[in-house]
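Each structure below is given as C-alpha cells.
Presented sequentially are two complexes of chain A, the first with chain B as partner and the second with chain C.
Moving on to the complex of A and B:
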C-alpha cells in the first residue's frame, strides 16, 4: 500500500506545529532565560552566564522553597501509596456498601484545588474551626495548625492528599483486579492467612501499579501550587512557598523572569532525575507471572 | 464459613465509617451553605435550624457565577475538542507508518510528558503576546493544546495500534482517501480512548488555576477557579458566602461524576494501567 506523503503531512502538521510552538520552543526559551537578566518587560536583555543559579544557591528563600516542596512531595507520596494500597485491598470486593465507599472516596478527586483549599481552611481554623470545635467538645485543648511553617506544611500535605487520594485508590484497585484469583486460592489451600497473602502475593504483584502511582505522586508533589496559594499564599514571609510558587512570584510580581526561569529549571531537573531513578528501580522489582 | 462472613461485614462497616468521615468536610460545606452567618458561628456541625437560600443568591450575584460557568464550559469543551482532533490525527499516522522517521517522531512527541506546565508558562506568555493572543481564550486553548499534546498522543497511539490495519487497507482499495478512512472508519472505533481522553483532559482543564490566572488574566474572562478565588478573597471570613460559592462551583461537577461514575472509573483505569 502506497502512502501519500501529502496526506501524512496534513495529518501530522497541525498537532506538531502547536506542540512545537507551545511546548518545545518554550522549554528551550526557559533554559535560555535562565542564563539572562530579562525582566519580562524590556525588549533587551543580557546573557549573564550562571549568575542566576549562583544567586539562587545563596538565596535562603529559594532553599526554603526547595525544602517545602520536597517535604510535601515525600509526605503526599507516602500517604497516597500506603493508605492507597490499604484502602484498595479493603475495597477490592463486591457488595453495595463497598461500592458506595468507593464512590465516596473518589468524590473529592473531581473537585478543584481552589474549592478544596477553601473548605479545609475553614475546617482547620484555630478559632471557630470544626476540628478544634470537636477537640474542645471532648475536653481537649485547641491545636494551632498554623503554629509553625512546618505544621502548616504538614496540614497542607494532608489536604492535598484528601483531594486526590481517590485517584490513586482507583488505580490500585484496577491493578489488583489483574492479579489472577487462582494464586490466592492456591495460597488459601496451603493455609496462608490474610497478612501472609497481603505481603507475599498482593504487594509484589502490585508493582506495576506502585510504579505508576509513585511516578505520578512524586511529579505531582513537586509541582504543587494551587492548594498552597489559596491556603497561605506562601506566607508568612515566604516560609511555606513551594518552588513553583517562588518561580511564579519572582516572574510576575518582581519581574525577574531570568531568575525565576533558573529556579524552574532546577525544579524541572529534579523531576527528571526522580523519574529516571524510579523507572530504573521499578524495572528491577516488577515480577513476571 | 460464618466466621469469614462476620469478618467480611466488620470490614465493610469499618470501610463505610472511614468513607463517611472522609466525606465530612463536604457535609460541612453543604450544611453551612444553607445557614445564616450567626448560626455557622454558633453551631457549625448541626443541620440548619434556619434554612436559607440567601447565601446562594448573594454568592451568585457577587461572583457573577453564570459568566464563570460560561467561560469554563467554553474553554474546557473547545480545548478538549481541539486536542482530540489534533492528536488523534497525528497519532493515526504515527501508529500506522513504519520506519525510523515515525519512530523518532513518536519519541519526540512524548518528550512533553515529564515537563511541568510552569516551565512553559512564562515563555508562552511572551509568545502569546507577540501573537496578540495574550488575555484571550484562543490563546489559552493553544497553550492547553501544546501542554497536553504528549499525554493525549500517548493514549491514542497505543490504542490505534490495537485496531487491525486491514481495515484501512480495504478502505484504500475501495478508493477512500485518508481523511474519509480516518473519520469514517478509525475515529468511531477509537471511541473508548476518546472517552478516556475527555475525562482526563476535561478534569485537568476544568480545575486548572495557575494557567488561566496568568494567560487569561481577569481581563480575558474569569473561569470557575479564578473567579471564585477572586470572589472569596473579597470576603474571606463570611463563611456562609464562601460555602455557597464552593457549592455553586462544585455541585455540577459532583452531579456529573455521580451520573457517569462507571465511565469515570473505566476511563481513568484504562488510561493509567495497561491490562
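Moving on to the complex of A and C:
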C-alpha cells in the first residue's frame, strides 16, 4: 500500500487537535496565569512576576499539602510495585482459580475512584463501619482510622491501592509473559531455587515493567485528588490535603487562580523531575537478553 | 450537476426554515436562571417557577440550569460560569462579596426591594446586590424524652448547658451530635458561641474586621472557640473526625445523642423522620443569658451585570416573591422563615411554630462565617473557617494559634484582592 503523508496527517489531526486544545493549551495558560494575580472571574489581571511562587514558598499549608502528596506517592508506589510484582508472580502460573484470581484483582480497577472512595469511607467508619463491626463482633476494640492525620493518610493510600493495584499487576503479568521460559529451565538445570530465579531472572527482566509502573504510580500519587476529596475533603483542618486539592481550593474558593496555577506548575515540575530521574535510573538496570 | 443543484436548493430550504424559526425565537427575551438543586428543592420546583413566570410574561423564555452534580457547590459552579463567559442572567447567590470586585453583579436600585422585610441586609458599600429570600436560625435541637427521663431542663446559661452534658455523659448518653468529616456541620455550634460571646456584644465586629481594626485572635473569640473546643472534645463522642452530617442526624433521630446543634432546616427532617420521641429546641445559651439568636440571611437572588435584559431579570426576581404559592413552596421545603413584608403562610410543623414564637424578641446576630455585606468574610475565608479553623480547633489544636493563622490568611486574602 502506498504511504501517503497527507493521509497520515489527516488521520492524526483530530487526536492531535484534541491533545493541543485540552492538554497543551491549558498547560501553557496555567503557566502564564502563575505569573498573574488573576482571580479566575475578572476580565482583567496583571502580571506580578514571581510573587505567587515566592508566596507559595512561604505558605505552610502548601508545604503541608506537598508533604501529604509525597507520603501518598511513596506509600502507593511501594504498595503498587512490591505487591504488584508478588501478585503477578503468583498469578503468572497455571492453576484452577487463576482466571478468577486475575479477575478479582482487576475488577476494582474498572470501578470509579469516587464510588470506591465513598464505599470505603463508610466501610472504615469508626462507628457503624463494617470493619469495626467485625472487630467488635470478635470482641476486639474499635480502630479509629481517622484518629490522626497520619492514620488517615495510610487509610487513604490503602484505598487508592485497592482501587488501582489490578492495573499494575496486569502490566507486570504482561511483562512476565515476555520472559523466555528457556532461561528459567536452564537455571533450574543449574540447580537454582525459586528465590534465586526470582531475584536473578524475574526481577532484572521485569525492569521495563518496573520502569513504566514506577513512572505511572509516582505520577498518579503526585496527582492524587479524587480519593482524598471524597474520603476527607483534605480535612481535618487541611491535614490530609494534597497539592491538587490545594490548587482547586485556592482557585475556586479563594478566587486566587494565579496562585493556584503556581502551585500546580510546581507540582508539574516535580512530576517531570521524578519521571526523568526514574527513567534514567531504570534504564541503567534494564537487562537485555 | 442537476442532482447537485437540487441538493443545494434543499439544503438552502432547510436552512431557511431553521433561520425562520430562529427569527421567531429571538422575538422572546431569553434569560438563564442558575438554581441550587437540592433534595427539598429539586429541578422540578425551579422549573415550576420558570413555567409560572413564562405564563405570566409570555414574551420571556426562562432556562433553568443548576450545578452539574450534587457534590458540586452551586456558588463555585457560578464562578466557573463567570470565568467561561456563561454567567447566568439570574442566579441564587450566597457570597456576593466574591463576585462584586469583578463587577459581575447588577445592583438593585434604592427602593426596588421594598417588598422585603429588610432590604438593607447584606449591602456592600451601600449597594444591594442580593434579594434575600430566606432566613434560617441556628439552635440546639434536643430529645425531650431523654431530658424528661433524666430530670433535665432546658439550659439558660452556658454553665447549665455543660451541667446537662455532664449529666448525660454520666448516664452514658452521647450529649451532643457533632461531626467534622463533611467540613461544615460543626460550624453551627461554633457560630452560636461566637454569636453569644462576640457578635452580640459588638454588632459591627464584622465591618471592623474588614477595616482591619480588630483581629480574630481576640479575647472574646478565643473564649467562644475554647468553649466550642471543650464541647467537641468532651461531649461529642470519640469519633468526631469520621462523623458526617447524615450520621449526625442519624445519631440524634435514633435517640443515641441527646442534642443536635444545627440550623432550622432540621425542622424538615423532624417532619419526615419517624422518631419515637418529641423534639425540642433552644438557642445556645451564653454565660448569663439565652437570648442571642444566630441567623443565616446570606442567600438570595442576584442578577448578572452582563445580562441583556436587566428589567426582565428584576421583574423575574420580584415575581419569585410575589407568587405566594411558589414562594411558600420554597419556604415549606426547609421550613424556612420568609423575608417578605407580607407574611407567607405555609403548612408548618408544630416545632417550627414553636421556634417562631420562642425567638420573638431575641437579639439576632448573623451566622459568624456567613455575615453579609460589608461584614462578609473575604473570598475563601468562609471556607477556611469551615474546613480548617473549626476543624483544627475541634480536634484539639491551640485556639489562639489557630486564630492567629486565621488572621494571617485574612491578610493574604486581602493582599490578593489588591
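Convention: the second predicted complex is superposed on the first by the 267 of 289 C-alpha atoms of A that agree within 3 Å, B and C clash if a C-alpha of one lies under 4 Å from a C-alpha of the other, contacts with A are read in each partner's own complex, and residues count from 1 in each chain.
One rule holds in what follows: contacts are C-beta pairs under 8 Å (C-beta built on N, C-alpha and C of every residue); 3 or more make two chains touch, one makes a residue touch a chain.
All of these numbers come straight from a predicted model, not from anything done at the bench.
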Discussion item. For A:203 in the superposed arrangement: first (chain B), second (chain C), both or neither?
Written reply: neither
Discussion item. Once chain A of both complexes is superposed, is A:150 in touch with chain B (first), chain C (second), both, or neither?
Written reply: neither
Item to complete: Answer with first, second, both or neither: which of chain B and chain C does A:186 touch in the superposed model?
Response: neither
Worksheet item: What is the contact status of A:55 with respect to chain B (first) and chain C (second): first, second, both, or neither?
Response: second
Worksheet item: Which holds for A:82: it touches chain B only (first), chain C only (second), both, or neither?
Response: neither
Worksheet item: Which partner does A:261 reach: the first (chain B), the second (chain C), both, or neither?
Response: first
Worksheet entry | Partner chain(s) touched by A:275 [first = chain B, second = chain C, both, neither] | first
Worksheet item: Between chain B (first) and chain C (second), which does A:170 come into contact with in this model arrangement: first, second, both, or neither?
Response: first
Fill in: First, second, both or neither for A:107, with chain B first and chain C second
first
Worksheet, complete the sentence: Winner on chain A touched-residue count between chain B and chain C: chain B
Worksheet item: Taking the two structures together, which residues of chain A meet both chain B and chain C?
Response: 40, 128, 252, 257
Discussion item. Residue numbers of chain B touching chain A in their complex, please.
Written reply: 8, 11-16, 18-20, 22-23, 25-26, 28-29, 32, 41, 44-45, 86-87, 89-90, 92-94, 97, 105, 109, 111-112, 114-124, 126-127, 142-143, 145-147, 149-150, 153, 168-169, 172, 177-179, 182, 203, 206-207, 209-210, 214, 224-225, 228-229, 232, 239, 242-243, 245-246, 249-250, 253-254, 256-258, 261, 264-265, 268-269, 272-273, 275
Response to the item:
chain A residues touching chain C in their complex are 37, 39-43, 55, 59, 61, 124-129, 144-147, 152, 232-238, 249-250, 252-257, 259
Item to complete: Name, in rising order, each residue of chain A that touches chain B in their complex.
Response: 1, 3-4, 7-8, 11-12, 14-16, 18-19, 21-27, 29-30, 33, 40, 87, 90-91, 93, 95, 97-98, 100-101, 103-115, 118-120, 122-123, 128, 130, 133-134, 162, 167, 170-171, 173-175, 178, 208-209, 212, 219, 222-223, 225-226, 229-230, 244, 247-248, 251-252, 257, 260-261, 264-265, 267-268, 271-272, 275
Discussion item. For a test of understanding, state which residues of chain C touch chain A in their complex under the given definition.
Written reply: 76, 79-80, 82-83, 98-99, 101-104, 180-183, 237-239, 241-243, 247, 379-380, 383, 387-389, 391-392, 394-395, 397, 412-413, 416-417
